[in-house]
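Here come two complexes built around subunit A, the first alongside subunit B, the second alongside subunit C.
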Partner chain A sequence: MSWLTPHIGTQIVDFGSAMLLLTCFAIVAQRRLSACVDLFALQSLFLAMTAALVAFLTDTPHIYIAAALTVVVKVIVIPRVLKGVIERLNVTRELVMKVNVPASLLICGALVMIAFFITQPIIPFGHLLTRDSLAIALAIVLIGFFTMISRQKAVTQLIAFLMMENGLFLGATAATYGMPLIVELGVFFDVLVAALIAGIYTNRLQDAFDSVDTTRLSELKE
Partner chain B sequence: MIKDQSIPQAIALTLAQAIVLLAVSPAIVGLIKKVKARFQCRQGAGILQPYADLKKLFRKQPVVSTTTSWIFTATPYIVFASTVTAGLLVPIFVSQMPLNFAGNIIAFVYLLALGTFFLILAGLDAGSPFGGMGSSREAIVASLTEPAMIMAIFAIALTAGSTNLSTIVHRTALLEGIVTDPSPHLMALAAVFIVALAETGRVPVDNPATHLELTMIHEAMVLEYSGRYLALLEWASAIKLLVFLTLIANVFAPWGIATSFTPMALSIGLAVYLVKVAGLGLLIGTIECMFAKLRLFRITDLLGVAFILALLGLLFFYILRS
Partner chain C sequence: MIGHTVTFAVSLLLLAPFVAGWFSLLIPGSRWLHVTNLTSIGTLVGAEMVITRAVFAQGSVTAFDDIIYIDALSSVILFIIGTVGLACSLYMRSYMDEQVGRGVIASKRLNLFFFLFHMFLFAMVLATVANSLGVQWVAIEATTLATTFLIAFWRRRESLEAGWKYLILCSVGISLALFGVVLMYYSSLRVLGDVSSALNITQLQQVAAQLDPHIVKLAFIFLFVGYGTKVGLVPMHSWLPDAYTEAPAPVAAMLAGVLETVAVYAILRCRGIADQAVSPDFTGGLLALFGLISFALAALFILLQHNYKRLFAYSSIEHMGLAMVGFGVGGTIGNFGGLFHLVNHAFAKSLAFFAAGNIHRRFKTVEIDQVRGLTTVLPWTAVALLISGLALAALPPFALFASEMQIVTALASSGLPHEWTRPATTFPVVLLLLCSVVAFAGFLYRITGMVWGPAPMDIVHGEQWSVGHIPIMLLGIVLVAFSLALPASLRQLFEAASTLLTR
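On to the complex of A and B.
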């Protein structure tokens, strides 16, 4: 592997995290719920590939396990569960949004800039291969947060939550070459359970209101 | 760049470039139409059909409405001239164009915008409701593609360290640019591709195959034209398509382009260029068959995506600077 110099390795890792951010924007621009789920699976696949590459470049075997878990949990299991939930719903698109698509995209662009300016003073102190990805990880977390606020369907909110989790994972990999394995395992279990609970909750919402619009929950009174 | 070239050589190269642009552009339009026909299980007209169409139109007598002003008759010449001039600023088969002292990539964008501006005026000039609708839509599309295009250009220019197209292409051909800095370039590539589809009126934005439809944009503006005026406008839009394809092919994948002025390098450069442009033509034909035209009010979403892609390309240059 003589061609895989640290410089080229950094380029590939950077490119992987750039693709992660790109899929975030694709999710923000996408109205069809099932396409959002597919894009989330794609994003998780990029995340797993980036993590595996970091593991390979830095010789940290426990990141391999985290990457494999990402593939199993976020590329296979959670998208399946979400697809099942969407099949039961009577809506396939997010039609009413608090912020429309072009405006959301512009706001997300601004969030990337904010993330960049926040991390800029910290990055030069890092000496890790992955330090450039920190800004992107923070941007993904912010975009996920914004998407949770601006969308009304429970499914999109759940995808945004999972997107934030992907951002945090990337951030952990970028800042410290991953958290200890036991922490990663705990996080994966939490995310899986959260996704399952949210799936059941979405089904209940559908049964109770005939809609998965979470603003309807404010109608609940004692 | 002009220092190591003699003046006659520079003039010859510029002329050769203009001839390639003028001669190849109708064939690309014909190729795209042929690809679409084959996808629709039709035989389709030959690739050389647009040449015959142009020849026929040049022979016909133009009809000009009595209500129009000088703008109507001047516009085809302005559009044609500005498009060809813009085309001369893009390296086609030689990485260092003799005309590169005359303008950089920003001049390129605004030369094309000049043509668009006059086309919009001409659409309004005849006073037909169709023309007005086409102009208004073209103005929407043009105002949204311009920021995306400029942002994408800055993303490329930052890595190359120059806004001069010849310098950008030359450096990338000598294995800098996209090879050493893939993320900003790929974002810019996606943005420029969407902009190219929108600017040249291809399918997700406008349908070039329809002539009388309520949603048309480019065709609505040129509806009043006939004879040699129509021929010039059709030819100019074919050249514009070719210029955008050239820009995509040579800025993002210039390998094979002649970096020196030997006859061998020049002929290889020309052959590689034709293959690349034909490949992009095939891609556009395929896209036109696979996707439906967007609703007019969804075009802003698509162009918003192009703008954000370009912006991300620009940001990645700073974020991923290691």
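On to the complex of A and C.
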């Protein structure tokens, strides 16, 4: 394919990474939990497509495996589990927020700038194809971190955690064209089990506290 | 020939807990569960001995095509896993059976308990022997997943809360460490080219000096924050007191004695690589600074505690902070002191949690004020609590005092490492000594209050001998004996490990 020059390839990979970042902002702005899950699935799909593109452009077959696993685990299995949890728990919206949506978006914007600032000195060492994605990956990790702190429903916290994982995966693909396969598989296993365990927890928390609002979890104060 | 024996021992080391875990799901009845458990731990300890001997002979051991890498440092950690694991298994025989007998848990749930316990052990062993930093990360995240249900095992509201907090905080922290691993791989690929072994410790050590300092610095910060969450360094410690309070006593002993040590080991491994690429003052300063902050704050928090399990938890943060100061300052004395402190702390803290488990079962409360007159109610436990308490307060004849003194000496002679300015000496030493006096006083005051005094009348007096007392006795004897003399082989092992760290 002669039209797919490295330059255009870089543009497409950058575009994919930017879409990942955009869905992050959408999740931060979204109050409806089921929409958050959908957005997470969409983000994972973008991630898988970006990864597959990198695999195609650089001819690294093992990234295809990771991309396929992303589709199976993060686009299909985990969103289904989360939808089930939401349905059972009968919670639909994040009602009270510690930081309201406009302020959250502003903070996330600042986090993106910080991420670019931190990675500035190391970006020039990267592969030409994916060098800007590393900064975006760190930005996604930081936004996930922030969402985790600022949201209260267990489900949202879980989505924020998975968002961080997506950022990490993008970082690994961008910086190094994927981790060694054994590590990649291990990470997928851990994420899947973590999501399942968190799903079980939300059920038990619902039974014990009659709520999945983690602010109710304050019996262990000093 | 030695090669084959070692390969066999390594496979036993990993297979014993893994197989025993899945096997535990199938066996009915607590008796055979305990037999399986003890067999697996016994195999593990035996395999460790074989491996340690090989490490002595060859310096380091690799197996399975360089997937496994064991040197003196990993052997020390394996030694701690084996000893504390064995003690916990013996203690569980009486502890878990009593819980089943009293109807706190259904006997079926014992299967789940042992499954998770073995997976926990397996993950820790894997994290210790893995050659690849990536596999090590996967294993440490797996310890979080295995232990979260162990912490929430009683399924009370508080324990569910503690388990959830632990899962979320540690997973997030550990995710940051994964970013560090990615960056480490990024830097090593630039030197090694696109090979899948570029995350292996053996490979990284060879090329460490050529790695790019900017990337390695950033990677180490992420790794330190991530694994530091697992160690429970301030300010990432908030999950720790809750988890230790709510977990069943043997699990709390494993968390405090072993898991923290494994996380420290992961930090030390990354440090060994980072140090050659960036100035050792950078990593050392980071370790020592966070160690000192953890030590000082935990010492103050010890004064405020009214719950004996939380008291032990804060004392864990304190001792881990102190060990970090030792490793951060470095040098032969600092590293040896830090390692020796880790070992002693593991023994003393597991003994303390065994005693706490006994007290909790009898008094049905975790409030220090309501526990009085242990000498008449539970004489053996009183002795155990006193020994562990005195050791954890770092009273002179005990080995924790010796290691604490080594760390203070190292700090006083080389000062807090710092990249830009002259190392500061006076202030950190004064702060360290002052806080250790505070912790000493606060800890002893609480412990002695529990041991002596008139016993409440509405509680059964006297203590029946059980299997659970064997590890309590043994750990007590070891703690006292270590304060008098360290066996030659162990001293040799610790010295070999601290030389590796000093290099």
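Just so it is clear, the second predicted complex is superposed on the first by the 217 of 222 C-alpha atoms of A that agree within 3 Å, B and C clash if a C-alpha of one lies under 4 Å from a C-alpha of the other, contacts with A are read in each partner's own complex, and residues count from 1 in each chain.
Going forward, a residue touches a chain if its C-beta (ideal position, glycine included) is under 8 Å from a C-beta of that chain, and two chains touch if they have at least 3 such contacts.
Keep in mind that this is a model prediction, so the values were computed, not measured.
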Joint occupancy of subunit A by subunit B and subunit C, clash or fit: fit
Which of subunit B and subunit C A:Thr10 touches, first, second, both or neither: first
Which superposed partner A:Ala29 touches (first subunit B, second subunit C, both, neither): first
Contacts of A:Val101 with subunit B and subunit C, given as first, second, both or neither: first
Partner chain(s) touched by A:Leu21 [first = subunit B, second = subunit C, both, neither]: first
Superposed model, subunit A: greater residue contact from subunit B or subunit C: C
First (subunit B), second (subunit C), both or neither touched by A:Asp59: neither
Which of subunit B and subunit C A:Ala135 touches, first, second, both or neither: first
Partner chain(s) touched by A:Glu87 [first = subunit B, second = subunit C, both, neither]: neither
Once both complexes are placed on the shared chain, angle at subunit A toward subunit B and subunit C, C-alpha, multiple of 10 degrees: 150
Subunit B versus subunit C as contact partner of A:Met113, first or second or both or neither: first
Minimum Cα separation, subunit C to subunit B, after superposition on A (Å): 18
Interfacial residue positions of subunit A with respect to subunit C in the complex: 118, 121-122, 125-126, 138, 141, 144-145, 148, 154, 157, 161, 164-165, 168, 171-172, 175-177, 179-183, 186-187, 189-190, 193-194, 197-198, 201, 204-205, 208-209, 214, 217, 219-220, 222
Complex contact set, residues of subunit B against subunit A: 180-183, 186-187, 300-301, 304-305, 307-309, 311-312, 315-316, 318-322
Complex contacts: residues of subunit A adjacent to subunit B: 7, 10-11, 14-15, 18, 21-22, 25, 29, 101-102, 105-106, 108-109, 112-113, 116, 131-132, 135-136
In the complex with subunit A, residue positions of subunit C that touch it: 132, 134-135, 137-138, 141-142, 144-145, 148-149, 152, 155-158, 160-165, 167-168, 171-172, 175-176, 178-179, 181-183, 185-186, 189-190, 194, 196-199, 212, 214-215, 218, 242, 245-246, 304
